[in-house]
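Sharing a structure, written as structure tokens. Questions coming.
Going in written order, the chains are labelled A, B, C and D, and every chain counts its residues from 1.
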């Protein structure tokens, strides 16, 4: 953990490449790392596999990647808020794998926490169950859901200290906290960057040890 | 009362003071306008917050970091709190949410629900619906009794891909309240002026008609 | 969620009875709900099944229950800090089931979050694996570990507002946060009780909806 | 250097600047005194904290809410943060901890470790050891080469109940450094004045002796 992880957007984006699996948090367009997404677009990266809850709204956030045709495959729970994503999925330009929202959280958390899978009642008897093992525990049936992990996670924080300790703001926290645990490279955009020691140890949502680079928005 | 008002009015009477409730997008949010005197409920929104109160009113300043389950800006009440999506679905799946209220395309007499996809027509994704319906203590379906063509939505067996199996507890429509029991769907209450015959004729499921049927208002 | 959950120790303890399964957080003797434990001893409850990480130290915290012979069975990861527990376990006066500390966290969290089980590499090939299913996911083997749930959880908080929103202090957080999710009845002892609204929504560790009663230390 | 000093000195040289490291109770904590110039590591303690620095020194005021993995009061450095036990073991199991350093009763040539129980003698429990050894990126065992009766602790096959299977990466003793590879245990380094013959005679495991063997200091 170097003392100062703050880098330029250009330097951070230089670590990516085409074809990566990218975890992108955000609920509709709240808590989405929009500065980093613009950075991806500027660098021209494409063929991305995105893991996210949804695809923001048309032309914003993850919707920019949709609009610019940078996404090959998306694993998410919902695309209904973005008409352009729906069109491209229907046209076969983007492959989509739907995962129930709570299961998405569990799978990414499992990926970040070394858990080999979790048993959930969610999706039993629905199309989501197809091809997945059903395991019975004490007379109740559950779906076995496997971990998800990314090459990169792009995180939006409210405050970051220079070591990468993060605090999120209100519902902009959403998937950021878990997604920051489950990628080989974790790049954060922060609304405010503060000195180490300014954040109370008990209010830090993401420990700095999980963060590789910080970009000022 | 107008149809939707009646449905919201009756649904709101399922809540007890202090209940933590998840209200789906659309008609379910109308319940807030019909809470009985002395019943104060707390709204759990799956994007990671307890205590949303609705969009900022004129003169109120919203925070773009506080959004509801549709992604729209919302205000928060005093005593509310925020958490990440993983924790949110832990609360939902863990049975800590007293009731979830959703609409439906179809419900059947076994308590199966279809409300997330119409193959060939919608590709929105299930969002949090599957987790909410599998996890909440009580699942309340509020919907118009028939579809816009007048066809029954309450069936012997759902024809659309399911959201969850055997999870629906109550169905509240402009005609009646149905309770799903181990024996089947029980006609518990009728709207003023509605007859058993009308409900039976507009319902494709088998109904259990008790001797005594209550009134919805 | 009533507005004020603050009660006397006597009233809170009146809800318990002999033979319950009690979740008691704490690491060695940090973050242990010692006031509530004294309450149990005063009421005379016995034959308890305790789920905890350890048993504090001799004569303190959970060690008081050990000393007074109130524990029939304990599920924990370690008893080495308390010589009296070791003696009573060796003498057969207390039954113990050892669970690796991380697995204990996962199992209790699963119990509180509606997860039917989790797959962990921890304990594979050790005595802990005996009798547990081994499940292979993508070529790697894992132990299936089942959820744990309690009748009661006794929680030690630094600050509680009157609705039960909780903040923990430093390493006194340890198992408190997860244990508060996984019991039918959650009783909190708080160092400070504050008015609703005094705790920032982003720093609340445990949402008030999980808490039933609060006792001032 | 005294035996234990030498072991700590050498073990400390496995760390890179910025590493997040979990140090077991006892000898492992001595590593902090022997960090090479320019190497600053962060201590992860499984009870939910990053940045512990050791017991309060004279004139420093400790906080009883800040304890280390043995339950003793510790100070925290600026930039550290606290979290709950569930998150802590997520970090450990998820591979976010660069190294875990523990003692051992026995280690064998397949990288199996026994360090938690001696049947009929100890009933302390495994605490977090099984999770740490299964989860950390690098597992370093630091121990005296033989037991107090002079019997080998490095064996062909452990005889005591295991803590984990195939997880040990390096063994550091007062005689040598051994690396566990797919082929077996390799003698990487010798302490000053120690011969290959001495190591072989005090080791019950098969050793791979390379042409070139380094020096521990």
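We take it that a contact is a pair of C-beta atoms (placed from the backbone, for glycine too) under 8 Å apart; a residue touches a chain by one contact, two chains touch by 3 or more.
Please read these numbers as outputs of a predicted model, since none were measured by experiment.
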Which chains are shared contacts of subunit A and subunit D?
C
Show which chains lie in contact with subunit C and also with subunit D.
A
When the contacting C-beta pairs are counted for B-C and for A-B, which pair yields the higher total?
A-B
From the centre of subunit D, which chain's CA centre is farthest?
B
Averaging over Cα atoms per chain, report the distance between subunit B and subunit D in Å.
55
Using mean CA coordinates as chain centres, what's the subunit B-subunit C distance in Å?
34
Using Cα averages as centroids, what's the distance between subunit A and subunit B in whole Å?
29
Distance-wise, how many Å sit between the C-alpha centres of subunit A and subunit C, to the nearest whole number?
32
Could you check subunit D for residues that touch two or more other chains and list them?
49, 76, 82-83, 89, 92-93, 134-135
Mind pulling the residue numbers of subunit C that touch at least two other chains?
106, 109, 114-115, 120-121, 168-170, 173, 201-202, 205
Chains touch one another in the pairs A-B, A-C, A-D, B-C, C-D
Applying the document's contact rule, which stretches of subunit B touch subunit A when the two form their complex?
45-49, 63-67, 70-71, 76, 82-86, 88-89, 92-93, 112, 122-131, 134-135, 161-165
Can you list the residues on subunit B that touch subunit C in the complex?
17-20, 42, 44, 49-51, 76, 78-83, 89-96, 134-135
Footprint of subunit D on subunit A - complex, ascending
1-2, 109, 111-115, 161, 163, 165, 181-182, 196-197, 199, 201-202, 204, 207-210
Could you please specify the touching residues of subunit C with respect to subunit D in the complex?
27-31, 53-54, 57, 76-81, 86, 89-90, 96, 98, 100-103, 105-106, 108-109, 120-128, 158, 168-178, 205
For a test of understanding, state which residues of subunit C touch subunit A in their complex under the given definition.
106, 110, 114-121, 135, 137-138, 140, 142, 144, 146, 167-170, 173, 200-203, 205
